[in-house]
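So, here's a batch of structures to check.
Look at the two complexes coming up: chain A is in both, with chain B in one and chain C in the other.
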Partner chain A sequence: MQRQTSLGRVVRVGLLTMVGLFFLFPIFWVFLMSFQTNQEILRIPPSLFFEPTLHNYQVLFSGRLETQTGTLEVRFMQNLMNSVILATSSVALSLVLGIPAAYAFARFKFRLGEDIAFTLLSFRFAPPLLVLLPLAIYFQQLGLINTYTGLIWVYQLITLPLILWIVRGYFEDISEDIEHAYRIDGNGWFKTFWKIAIPLAKPGIAAATLLSFIFAWNNFVFALILASADKQPVTVGALAFVTASGIQYGQIAASIVLSVTPTLALALYAQRYLVEGLSLGAVKG
Partner chain B sequence: MATLTLDKVSKVYQARRAAPVLAVDAVDMAIADGEIVGLLGSSGCGKTSTLRMIAGFEDVTSGAIEVGERVINDLLPAERNIAMAFEGYALYPPLRVKDNIGFALLRDRQPRAEVDRKVKEVAALLEIESALERYPPMISAGQQQRTSLARALIRSADVFLLDEPMSQLEPQLRAVLRARLKDWLISRKMTTVFVTHDQTEAIALADRIAVMEQGVLQQLASPEELKERPANLFVASFIGEPPMNLFAARVDRSRSDLGLVVLDDQGEKAFRLDFDEAVDGLADGQAVHLGIRPHRFRLGPGPGAVDATVVSHSWLGDQTHIGLERAGTTFILVANGEVHAAIGDPFTVHAPMSAIHLFDAETDQAVFHGSEFRGSELRG
Partner chain C sequence: MATEAMTGAATNGAKRPLMRKVLPYLLSLPALLVCIGILIPFGTAAWYSMQRYNLAFPMTRGFIWFDNYIMLFQDPSFWHTVRVSLLYTFFTVGVQLLLGLGIALLLQRRTLFNNIMSILLLLPLMIAPAIASLMWRLMTNPNFGVLSYIVGLFGFTDFRWASAPSTALFTVVMIDTWVYTPFMMVLLLAGLRALPRQPFEAAELDGVPQSFVFFRITLPMLTPYIITAALFRMLESIQQFDIIYAMTQGGPGNTLMVFQVTAYLERYQYTNVGRSAAILMVLWVITFILSNIFIKQWLRLREKARGVA
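Presenting the complex of A and B:
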């Protein structure tokens, strides 16, 4: 019996390690690449042993890349700032619009309610490329092309449905009677929404915020078409390392490491809210 | 503390792409100031919908609800001055039990010391003093339910609504709290409507009980009246434990002033009861349902006698339940004290005139109660 359990434990740990390695290996490899020169990266066979260099990071921070054909300007830091502005603003806007909407869909039955909710979800079905060309033309005419406003607007296609549907589920899980009790104790519906519904759905709101932030951060194709260099986020900005004199794998790896850092930090920070979200069941009595 | 009047109140639920459901059908109810009324019925009978319309969580489809002289149909829950205890407790999870209970008072800016005193008083009534400093998810379901009840009772509202207020409590505690709760409600003249599916609770707590079925108010009357003069077949069969014995029967005046031919499943004669007293309003040959409560049978021969055979027998320690059979028709008898009988024994009982209830076979409405005929015999 004892042997079986310890054997089981060994097998389990072994399997978990393998799964972990499988998923983490690309990230680990990119992390190593970011400290290597292009020559070391392209060496065959690849090796775990090399002389680490901070050159790739220096290029990103200084914004200047020396190549055989001359000096290139790298706008990585500005791209990073653009990513922060775009992802944060579009998530914030989606929260302002999406949470009240989610509450309405969860609590009130109204004409076409389900249809509207489904339409909003269906924004996520269509491949973005399908709408990009007409969108680009309209944006050109409206003067929205290459503006933060225009991009944040388009990003709502990514963030709004996500927040709406996740938060709606959390609102539906909250016992309606808690809100009823609060209302019959003498409070209006807005105060009930603000003081009861939102605090109780907080774990869900945190989870939805995190997810939609990651999706917005990782978006590539909208910004590629609708923004030029000074408004592009890091995902598009990394293309700059595909230069006339070759692909700068080292800098691409370094920019990936830097651009993953904010979302990783956010995910680690929000983890406790996600765990709280799982224990919401205890609240329902 | 005010009167509560329901005037032809109806509720229709209209789900998308589905036929409308009439959950509450033209309910009339006049509840006096300080009266305690229990809404009793099986699940889905409309009792909770009625309660929620009074509270303001459901729109009233038609009709009017009045508190005192004021029609409250279109008022927000917050404006109705009604307190409610929820079946699902609905406590505020981040607040301690004492703050949950005192919530409405604190909101009205009553001084903290005064609120604490009231919280202690109501907590003592419901025996949850030990839980006051704890948070709702940490206490038992029974304590949560009493917290929810306390949160309603502490308020000085016009009307108090209690939805299944004691369903989670163990039987002993429930019996004790029922009596205390009733004292509390009476001494403060609190107009109360509570919902329950437990008729013992309804009988113990209520001044009058409203029996509902399929959205229709069947009868609103005192517990005694529901037992002695049920308005229709449903109320007769719903109230009382064990339930009333019901037989299909036919009035037959050929042999006596009031003869009742009891029919079996095939409509054949099983046995007949004869009484020497004439009753107005019954036609010869009229099809009726005959109802006799199990504890109203008398042992031995007499007017309305039935010679039957014992099919089951159980001694419960204070009363004896005996199942009897006569020509394919079975019924149950409850006798106080121990009555010896073996299965298969012949057994003669009689139902006095006062034990007889008759309901029209077509309308199910009551046409005759023996208790009306001889009121003095009632409590015997």
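Presenting the complex of A and C:
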């Protein structure tokens, strides 16, 4: 290992401190803001010391904000619920559709197979609005606009390629001999798939599930185009707060904290899967 | 079937050859069907792009071949969109690459502190870009934003961040950098740690200076990772929507009118479906070319990673 001079050490620590500040301070600061009253937020100079209040969260949870002009309805809990419904169902559907397909692409070399796999991958990179704008018109005609069903279908654009390509890599890593040995004992392909392949690919399935959940949760543009307020997830809902009259900065901060907590918690919990998932399986973590 | 004959376990396959043939299609069909539903609107978009189609003037709708494209290419505001998108892509990818590489080098050694740090630095990447923009809006608010206060201490008392044309691009590039640098970092860090040890040990024995080691050994071996990461970010950056829409909706004025924001406003503010579709088709051609290069590069890296593993 290279020797480190004490000067090098100081420079290194200094640089890392700056990096840490830049990337972590915003999260820390908004977290603090969410426990402040409007007066404290508007105070100049800003201060780290204040009397924490839960009022902002109470407003979001109860859905009612008392102002001088009357009571304001705050629908943020509905947004949060929508995010949970959309992300969970999209990932579940993608697992059901994607795992068998991933197995087919990994095990059987068949015409069309590669084509389908690449089509799915290229969807991941096409401009979303290109598809969304005409889709909005079709959805209107089909009655799918502003429905969970319609949104979950479109969310497959994000979750399906991710699950397909990550899980495929894991299936390819399983030695075919193990499966053959099991099948020589008289077990059909489905039992082999279910009892051998899936359990062995479990880490890959876990990685793909967590990562696609995070991406589905963080999506903004699909629901912006295809849904109105009652079906929109937190990403769109929190942004609407900025223009809503009467909403206070502390409540915006609290809505941000509630929006990011699930993904941050998942990421910390599953951090060893992230590298592999983020590179679509190209880099082993 | 050749592989099967070789492994000598053809019994099951030979018993039901038809099943064996149909099975892969059956397994992948549902996934395919779901995607066909998405392919149709893609065709529709191409079709719209060749129509005079404005929702405000339904009577004038008609097929006009490539007139939308010709009008676009003659319109300075379209070239403005192209320029802003390219500048945005250039600055975000460039800054993130340098910063990501720098951080990866700082965290290269596997110490407890470095491991914790690399996990914590991933957090911004897990935050929705639209929400991240909202966070930065709170911090750059002229009345109470902590960043406005901090730059004020350094003498920039009237720094307007995203609401001034001169600093708007800087501000959104910074937010993009905040969100996506962790992606570069994590990929390059994994790349650095996967490099073979022998060349470095040999260089150490020979007493080769560190700068030489970096430019002649580390950097060349890391190049496949750098190219993959940069291409991936380019693909996303050229079509950035969330951050810019959430910050300024393309403003102030037309300062930040990148491709997708322009197309969105064209469609929903000016109800010009045809023109909006044409803009998106131009963007699609760019991303299609980029994604083909990216996928090739990514497959090569994937093969390599699997070979090592």
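As a convention for this text, the second predicted complex is superposed on the first by the 222 of 285 C-alpha atoms of A that agree within 3 Å, B and C clash if a C-alpha of one lies under 4 Å from a C-alpha of the other, contacts with A are read in each partner's own complex, and residues count from 1 in each chain.
One rule holds in what follows: a contact is a pair of C-beta atoms (placed from the backbone, for glycine too) under 8 Å apart; a residue touches a chain by one contact, two chains touch by 3 or more.
Please read these numbers as outputs of a predicted model, since none were measured by experiment.
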Chain B versus chain C as contact partner of A:Leu157, first or second or both or neither: second
Touching partner for A:Ser175 - first (chain B), second (chain C), both, neither: first
A:Ile184 touches, of chain B and chain C: first, second, both or neither? both
More chain A residues in contact - chain B or chain C: C
Which of chain B and chain C A:Ile196 touches, first, second, both or neither: first
First (chain B), second (chain C), both or neither touched by A:Gly70: neither
Touching partner for A:Gly246 - first (chain B), second (chain C), both, neither: neither
Set intersection of chain A contacts, chain C complex versus chain B complex: 177, 180-181, 183-184, 188-189, 282-283, 285
Residues of chain A that touch chain B when the two form their complex: 109, 114, 175, 177-178, 180-189, 196, 199-200, 282-283, 285
Of chain B, residues touching chain A in the complex: 16, 55-57, 76-78, 80, 82-84, 86-94, 103-104, 107-108, 136-137, 141, 144, 148, 151, 155
Residue ranges of chain A touching chain C (in the complex, touch as defined): 1-2, 12, 15-16, 19-20, 22-24, 26-27, 29-30, 33, 41-46, 96-98, 100-101, 103-105, 107-108, 110, 112-113, 116, 118-123, 125-135, 137-138, 153-154, 156-157, 160, 164, 169, 172-173, 176-177, 180-181, 183-184, 188-189, 214, 217-221, 224, 234-236, 238-239, 242, 249, 252-253, 256, 259-260, 263-264, 266-268, 271, 274-275, 278-285
Footprint of chain A on chain C - complex, ascending: 3, 7, 9, 11-12, 23-25, 27-28, 30-32, 34-35, 37-38, 40-42, 44-45, 48, 102-103, 106-107, 109, 117, 119-132, 134-139, 141, 143-144, 146, 149, 178, 181-183, 186-187, 190-191, 194, 204, 210, 225, 228, 235, 239, 241-242, 245-246, 259-260, 263-264, 267, 273, 276-277, 280-281, 283-284, 287-288, 290-291, 294-295, 298, 301-302, 305-306, 308-309
